[in-house]
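There are two complexes below, and they share chain A, which is joined by chain B in the first and by chain C in the second.
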Partner chain A sequence: MTAAPRDLVLDVGDLETNYYTQAGVVEAVRKVSLEIERGHRVGLVGESGSGKSTLALSILGLIEPPGRVVGGSVVLNGCDIAKFSDRQLQKVRGRQVSLVFQDPMTALDPVKTIGAQIAETILRHRRIGRRAARRNAVELLRDVEVPQADRRLDDYPHQYSGGMRQRVLIAIALANEPDLVIADEPTAALDVTTQAQVLDVLERLVTERRTAVMLITHNLGVVAEFCDRVFVMYAGRLVERASADDLFACQAHPYSEALLRSVPRPDRLQRGPLPTIPGSPPSLAHLPPGCPFEPRCPVGHGLDVCRTQVPVPVAVGDPADPIVAECHFAQERWSAAVGRSASGGGT
Partner chain B sequence: MTRRIAGQLVGGLISILGASIIAFLFMRVLPGNPARLIVGPLASQEAITQQEKAMGLDQPLVVQYWRYIKGIITGDWGFAYTSGETVRHEIVARLPASMELGLYAFLIAFVLAVLLAVLSTYRHRPWLDGSVRTASFLGLGTPPFWFGLIALLLFSQVWGIFPGPDGRLGPDTIPPPTVTHFYTFDAVIAGQWGTAWDALRHIALPAITLGLAPWAFLVRLLRANLLEVSRENFLVVVRSKGLGRRPAFQKHALPNAFLPTLTAAGLLLAQLLAGSVLVEKVFNWPGVGGLIVDSILRQDFAVVQTFVLLSAILYVCVNMVVEILYSVVDPRVRLPVMK
Partner chain C sequence: MTAGTDAAAFQPGIRGGPEEALLWVEKLEKTFPRAGARGNDGSDVIRAVDCVSFDVRKGETVGLVGESGSGKSTLARCILRLLRPTGGRVLLGGSDLLMLGRAEMRRVRRRMQIVLEDPYASLDPRMSALGIVEEPLAIHGIGARDERRERATEMLELVGIAPAQMRRKPHEFSGGQRQRIGVARALVLHPELVILDEPISALDVSIQAQVLNLLRRLQEQLHLTYLFIIHDLAVAEYFCDRVVVLYRGAVVELADRETLFRRPLHPYTVSLLSAVPIPEPAGRRRRQRIVLRGDPALVWATPKGCRFEPRCPLGRGRDVCRQQEPPLVEHSSGQWAACHFPGELVALHAEREPAA
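== the complex of A and B ==
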């Protein structure tokens, strides 16, 4: 660990969120800790149902019953907002931290104009008049590259395409120049070309504003392009954390490796089906006693240690910027990977 | 907007025309001869023919229809031969009573439905929500005339809170000077507070009885829509902008959830204004319901024709207002304007 104090915009410690359903208590986020440095971009990847969105909403304090944040801290710019009342949180949301929602088709109020929905967040946090807010909204729409912004301000969501709506959501999230934007699968619902355009817009804007981003996605291609650091989430835990370069070079956790393998690679097209991860994530209401990935794991499936013992985080690699993985075999896997690349004599 | 309203008007006129044709033909297709009913069972064939001629029944249907339309427009609605009065007199004497009752029933149903649906869904209130759901379930299943009888028995007979079924006013109260034909309004306009109070007390039970089923329907509809909308993603986005729970509910959830209720409320209002036979009978309400039933049975077709047409006009007008309100609330129903 470096001694120099890092400038953290977000420091989440042991965050726990449960859903109290009739089927039992679903532990959607299980003691998750993560840090985001000011201006950095982190990716949060994992399958559907791994708790990514719940984690995002827990940070914003927007978990609705039957869900509840039951423990942990969310330190944003030095204040633990997990202890804030909803009234206090209202001043933080949209101002210091904001959300780009995942599904642009349903994320805008269908009966309000685009302009009104952008101005709403501006007026909520700044002492300016409606006219100024409107001018501001036009600028924001231009920033997210909506053509003819001044005219399209008075349109309604149904008059916008999916990509345009996603730009509007980005405009809303960035309206008050927050320190952190949580982007929950901002491109999942869009076609590939639109995805790239929307991501370019987001990237340009956060670079200009030096905004930190937490990008939630299951698209590892997006992560590779966009993020400095990656957190891999599985069954409510961050099972691996590493810098993006390290993660793509070597995955200490078998789950990360499996995720990466199941990304289609046009440059390495093979015959046969795309590799998938067999099975599905465990029910978060009935977690297995050992490693939650054990039943699906190509490495540890059936091994006693994996079945009975919950793996603790293991740090491997560069001590200044380690890869941390919750796997009994993280050390071995990493050493093997380093050995492979050394003996391979590659670049 | 103007084009939209113009389109509505044309559509409305076509509906009214259709209703007039159906009403006209319906009464003439029914078996039986009104001329015979008027002159009596012992009259000669000659007398019947003469009566038919006097009523214009010997003319071709097209001519009869033309006369009917012309009469409606010029205000000559014909004679109700069972009573000997003009149809206009009969309807003007009775329709306002029905409309006043319908209006109050609607207001009670609508206001209470919105209030209770909002209260039972805005926060998790299991007790209130359960009561509202039970009450609306019962309200939909209870025949209104039966509910009216029970209400009379309890609130009038047993507890004496409301007056008995003696119509729009107590026997000792003189009707207020006519302005709107609505006693509660007219009494207030004339400053006769005692009369206004008496009229209100008389209209309370029948209005509640008549409004029960529409209330139950509206409260269920709005509650379901509110619950559905409250799960919508855009509310998460609104909250992530920093809006509180209540502004998010008021400005975003409610307007979205309200649209189906608006449509339903319009239809219910038109239906209520046109009167209800059974509830009027139970409360001795001098409304239009009884008149129409009697007129149908006696083939007094001038009355029925006119009433069908008037209620068609009423429906069309109320629906137009709803359509216009709808396009104000929901931009998606506005016609796309080519730019």
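== the complex of A and C ==
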């Protein structure tokens, strides 16, 4: 949003993706713009069906029929890859940008050894011999803290535990030192202890390599631990974007607030019912005319302005690093939050 | 040790006698034959549940927490007798479930029901919501057709499914609604004990809160007792009155929720707690996380030692931990832990905020 020159790895502009279904056109990603700087760690949060995964797949050019990217640009390291052919994209994927899937059991080939799968990724983008690729694979396994890496290279995926398989996927994603890794719920299937291991490894490696990460998750705790910026997605739009510190301190969008409040906090002993978000997200084939969150919104439900007018992005706070929220009340909500913390209230 | 009968001294983890408990689990054990080579302890069995004792009183919610592979679900299935335990006793309202014949067991099953994690997989896709909730009544031969329909309708309304939606099939519902139907199916028989096996883990955070609120409301309305299997410690802390921490099939700590979360004694409990990410960036800077190395399924303890020793930040390599399995001992009223150095690994959560 500012004019200061920044080292952008990814600059997405007005990206639009639709699914053409029997029920009508589902607008899963609706003119989304976002930027990710080199080395930054960005969290993308929202409920299922908000379009998080579709956004990720659209960035990578992996949308398949009945879906189609119908507009916008995806500028990766200065090149608009949205206009690339499949062949061109294959050169980019795995080399400049890579993806870590949620489920390592389906993402790994069960009939190939772990070593072969890592080497394959390396050899696809680099002209080195098989032995060099194998040495490289051992190093990568060591990097992700697989014990006895040289021996475990020739094991098959089923011989690895869930946490180790997830770390193998990270090794594969980082094999060619990409500038951006998109990780789609990489720890959702794991125990808290294993999740902590995996996040630790990922954090260490991306810090060493200055790799940017877009972490898609519904776990706000993971976002707070790992990310320095957060995008909140709702009904195909990024309804709020802010630094992690700002977002957790003050949610300019009521949806972000509701999402945060509905999570039990392990550091506070709570009783009584948890605040919930009534209803469910709108159908992306039949969006309401005004704000998509209005029917569920504790602030704007029933208000004329919210029912009839789509809110435009509003920037509040520090002009150099503002919170941007698509809410008619963003300014008021932010001022109120600042007032609360100034008066020493807080929550 | 605090006051207790002699019998209680032999059954660590249990309060009072079986007559005070709705569910009484005593030295429960389940072994599976080991496929292939013997384990490093030379045995040819896997001890999935290893001498577990605890009790659940009427109206209480007891949480079972631990990593995958800790034996939580096996334990639940042994209690329901969906798996046959290899040792120990399970008493429901005083009757010993392992001694019951087939017909008697069927009658007792009505009194305890389970809600499963995955509402997509556990509901018959060809049946309507109403049919799904009616079915247990028909299986147990309760009421005439009209009566069953009425009870199922009432139950569905109670969990928040509108009459207009009751003829729909599972795929026409959202994940949260499907879990509500799963809950209705479990509750339609008016069970006393409900085992909740990760009932919210497959749901979105906003929906998780709805289902947790529903479970709590139903508990009050219907006087239910819950045994709650959950790997999310934040949810356990929010929802449970007492918590049993399992590690590799055995109870390593057991306490009421406030004691357990404020003053955990076992290093495994402390490590588990410190691994839970807190939704507040300031928390990341304030506290220090213990990252447990190794995988519980791959790290083997010495045969006679503490089962947690190989991964323990406190006891790894210590002689006493390698050579002696620590017994489960009551350290303060109602707080039990199996550790040679209880309470030595703390500090990390010393800064916990007061109740909000």
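The working rule: the second predicted complex is superposed on the first by the 340 of 347 C-alpha atoms of A that agree within 3 Å, B and C clash if a C-alpha of one lies under 4 Å from a C-alpha of the other, contacts with A are read in each partner's own complex, and residues count from 1 in each chain.
Rule of thumb we're sticking to: a contact is a pair of C-beta atoms (placed from the backbone, for glycine too) under 8 Å apart; a residue touches a chain by one contact, two chains touch by 3 or more.
Keep in mind that this is a model prediction, so the values were computed, not measured.
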item: Combined model on chain A: chain C and chain B, fit or clash; value: fit
item: Which superposed partner A:Gly221 touches (first chain B, second chain C, both, neither); value: second
item: Chain touching more of chain A, residue-wise (chain B, chain C); value: C
item: Which of chain B and chain C A:Glu120 touches, first, second, both or neither; value: first
item: Contacts of A:Ser283 with chain B and chain C, given as first, second, both or neither; value: neither
item: Partner chain(s) touched by A:Thr194 [first = chain B, second = chain C, both, neither]; value: second
item: Touched partner set for A:Thr308, first chain B, second chain C, both or neither; value: neither
item: Touched partner set for A:Gly94, first chain B, second chain C, both or neither; value: first
item: Vertex chain A; arms to chain B and chain C (CA centroids, nearest 10 degrees); value: 70
item: Contacts of A:Thr21 with chain B and chain C, given as first, second, both or neither; value: neither
item: Closest Cα approach, chain C to chain B, once both complexes are overlaid on chain A (Å); value: 6
item: Chain B and chain C footprints on chain A, overlapping residues; value: none
item: Chain A-facing residues of chain B, complex; value: 124, 232-234, 236-245, 251-252, 255-256, 329-332
item: Chain C-facing residues of chain A, complex; value: 47-48, 147, 161-164, 191-197, 199-200, 218-226, 244-245, 248, 258-260, 262-270, 273-277, 280
item: Complex contact set, residues of chain A against chain B; value: 57, 60, 62, 65, 86-87, 90-95, 98-99, 101, 103, 106-113, 120-121, 124-125, 156, 158, 169, 172-173
item: Residues on chain C engaged by chain A in the complex (per definition of touch); value: 67-68, 174-176, 204-210, 212-213, 216-217, 231-235, 237-239, 257-258, 261-262, 271-273, 275-284, 289, 291-295, 297-298, 349, 352-353, 355-356
